[in-house]
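All remarks here apply to the structure that follows.
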Amino acid sequence: MSSKDRMLARAARDITPGMTVNLGIGLPTQVMNFVAADCPVCLHSENGIAGVGGLAAPGQANRNLIDAGGGYITCAPGGSFFDSAVSFALVRGGRLDLTLLGAFEVAANGDLANWIIPGKFAAGVGGAIELAQKAKQVGVLTTHIDKHGNPKILERCTLPLTAVGCVHRIYTDMAVCDVRSDGLHLVEIAEGVSLAEVREATGAPLVVADGPMPTF
Amino acid sequence: MSSKDRMLARAARDITPGMTVNLGIGLPTQVMNFVAADCPVCLHSENGIAGVGGLAAPGQANRNLIDAGGGYITCAPGGSFFDSAVSFALVRGGRLDLTLLGAFEVAANGDLANWIIPGKFAAGVGGAIELAQKAKQVGVLTTHIDKHGNPKILERCTLPLTAVGCVHRIYTDMAVCDVRSDGLHLVEIAEGVSLAEVREATGAPLVVADGPMPTF
Amino acid sequence: MPALDKSAGLTEAIARIGDGARVMIGGFGVPGTPFCLIEELVRRGPKNLTIIKNDANEPGMGVDWLLSAGMVKRLITSHVGLNGNAIRMMNAGEIEVEFVAQGILAERIRIAGAGLKGFVSDIGMGTLLAEGKQRLEIDGETYLFEPAIEADFALVHAARADAGGNLVYEATARNFNPLMAMAAECTIAEAETIVPVGEIGPDAVHTPAPFVDHLVALAELPEVYGVVKR
Amino acid sequence: MPALDKSAGLTEAIARIGDGARVMIGGFGVPGTPFCLIEELVRRGPKNLTIIKNDANEPGMGVDWLLSAGMVKRLITSHVGLNGNAIRMMNAGEIEVEFVAQGILAERIRIAGAGLKGFVSDIGMGTLLAEGKQRLEIDGETYLFEPAIEADFALVHAARADAGGNLVYEATARNFNPLMAMAAECTIAEAETIVPVGEIGPDAVHTPAPFVDHLVALAELPEVYGVVKR
């Protein structure tokens, strides 16, 4: 299993029976492939579906059935369609148990920046802000360092925020970290990665409990 | 035709093809019986139907299909059901062309009082306030005098208002009056009723145009 | 992925409602009123409830059972005109009543379901219905702030449901039910018929399953539902 | 009483839209975008439009036709990430763009449809998305006022309609369409199929007929709708 797939599989393990879950565009959407087929989970997409079945097989696409990322999907038995106001009522009203989102930067205090890079990328916030601010649990799924080798986990975000202090857990190819009131806790480490390597790749101090570190 | 039926028939003549109309509880509901069967009108009831067909025949009632007054009704072909938020969106959002309402008192300035008599009757305003304030045209349907012989059309209402300056037209068993910026205009008179009788029974000055007065 | 089965027993579902709970109850008159859930709530007997319902039903029906059992502290409603018992209790100070214009009641419930703080309206300006409400200046004009009405529980009645919790209402029994199902912390639905998951088409769902926590199947409907015994 | 027939010709319906109009357009990506109505609007060519749509479609599709024709003064949207042309025009100052969080956009449209002034929310507090918004003090805390977005016209796409104007959407093509149909002064709907009045069950209607002013029947769908030609 690649380190990316291990990260996706690890995030999928936090999706438990009965949850309603929104998987953000990009990497988070792929977590879907690692949720057990018999796990009773309701996948929400903010363009107006609860009960995403999966990606539509090639040639089987319904032109009216996409997810928020624009990919053709299927509707699972027991799924439903609704308008965009109901869709975000579900998000803001406390019915979304978990969302997994991508990040440009994520901070030790739970701040998330994933929608604008001033002067470079500003195409609108879409649904990210409400997912980040209002899902009961917010997980961030990201490579631990960016393509230039810089840490994506920082003490404080430098980019404009999507939401303040919203992130509960960060899943990367190297580690799982939890945002807590006393700091960013390293709670799991990828197999074959050392604590020193994680510290080196992280732009914020890590709280590490005594005893053996669980791996994934 | 009784003077009551003439009043109902007169009000029905202002319901024209293409209108969406809400008929208030009581007397206004009976206007339905005087709208031509082939007139394309959409009757709304605020408990969640557009396209009231009429009263349900005895023994044919659907236990789930009532109007806001609690009477069993039918749904016309092309009717629809919706929730209470959509129902009042239709009212407040400018999609209700006309409402006909009852009155305790109605004033020459268009003020309407039809929901509370302090110390005697205070059972809640229901949907009346939004109908009165937001329908594009508001008609009041009432006997010209109350059962004690007192006028129901006054210079100013004495009871707490349902809505301020909301009424456009008043239909009674004696007359049709229009609320205009320069006063209350007598625009039609019931057959067999004299102008003096109408003035006598009205608690506000009436503007009367020169020339023959149309009758109904 | 399969849907979670939300089926629950009547007793077990209602047992969650304790003293002081804020309980929304669907229905406009008889249609859409979840009489069986209310009956079990009376049997259970929590006190000091805040009840949010369009109307107080009629004497000897639905909400009136809760009033007569002395379980209601406060009633938020649009009118109680058909229930003389509710009017008597209100006038005697045995219950507090907050009257809200019907569409404003619907919208205050909906805005809670939408996870928002409240909305801004001109409904009631210039009348005593505006008294006591917070005023806001917007674009140089004065408006009223209408706060969201949240609740701990919603009791709703559906004609049909699938085991996963998708609900379909019938005719004017829809009314406040879908709004309340979205607004409460915990939504308990009773359904006349429960069909297997997949039998309700996804375009035909009125209340999507994620808004429903517990689903109670009704046996034969008692007469209070307006069922005519033949 | 019979329903009023809302059927209209494409040219006649769109001819109502003049210079400076505020036009809502349904759709999230391709599904639900009324391409045929947009195409006729381009043919007609009014200028200085304010367009309200979730996204700007992709280059060479839908909203992009209006942008490329120089008909758009202002775009109110949640994101334009799939349309490089829109981003270029925005950066060059050729169009004004107001970005609104997606659910807040939906709700601001909905609140216009509900005939209310606006709503009160905490979405975006502490971020630059809150900048420039009116702040309100409620219960001792600070919230943002989100004004209703009204429009002169809504252009919506339905899968099915009856001649009276009841609309049914399919799958995720529903999205902003029912909200916009309620929010505009004049709603023009295109429908893939128009059935006789009475064929759509009253419980199955998504947008009730009173919200629809003009109904345009579509002939065979062009490929832009995602139709695969076989």
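Letters are used for the chains, namely A, B, C and D, taken in the order the chains are written, and counting of residues starts over at 1 for each.
The rule is simple: a contact is a pair of C-beta atoms (placed from the backbone, for glycine too) under 8 Å apart; a residue touches a chain by one contact, two chains touch by 3 or more.
Owing to the predicted nature of the structure, the values given are computational and were not obtained by experimental measurement.
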| field | Topological distance between subunit A and subunit D, in contact steps | value | 1
| query | When B-C is set beside B-D, which has more C-beta pairs in contact? | reply | B-C
| At what distance in angstrom does the C-alpha mean of subunit C lie from that of subunit B? | 30
| message | As a quick test, compute the distance in whole Å between the mean CA positions of subunit A and subunit C. | response | 35
| note | Chain-centre distance (mean CA atoms) for subunit C and subunit D, in whole Å, is 32
| Residues of subunit A touching at least two other chains | 49, 75, 81-82, 85, 88-89, 91-92, 134
| query | Among the residues of subunit C, which ones contact at least 2 other chains? | reply | 107, 114, 116, 122, 169-171, 174, 202-203
| Listing of all chain pairs that touch each other, if any do | A-C, A-D, B-C, B-D, C-D
| task | Using the touch rule from the top, collect the residues of subunit B that touch subunit C in their complex. | result | 45-49, 61-68, 70, 75, 81-85, 87-89, 91-92, 122-127, 129-130, 133-134, 160-164
| task | Spell out the residues on subunit D that touch subunit A in their complex, using ranges where they run on. | result | 28-32, 54-55, 77-82, 87, 97, 99, 101-107, 109-110, 122-129, 159, 169-179, 225-228
| query | Which residues of subunit D touch subunit B in the complex? | reply | 1-5, 112-116, 162-164, 166, 182-183, 185, 197-198, 202-203, 205, 208-211
| request: Enumerate the contact residues on subunit A facing subunit C in the complex. | output: 17-18, 20, 35, 37-44, 49-51, 53, 75-82, 85-86, 88-96, 134
| task | Quick one: which bits of subunit D touch subunit C in the complex? Just the residue numbers, please. | result | 107, 111, 114, 116-122, 134, 136, 138, 143, 145, 147, 168-171, 174, 202-204, 206
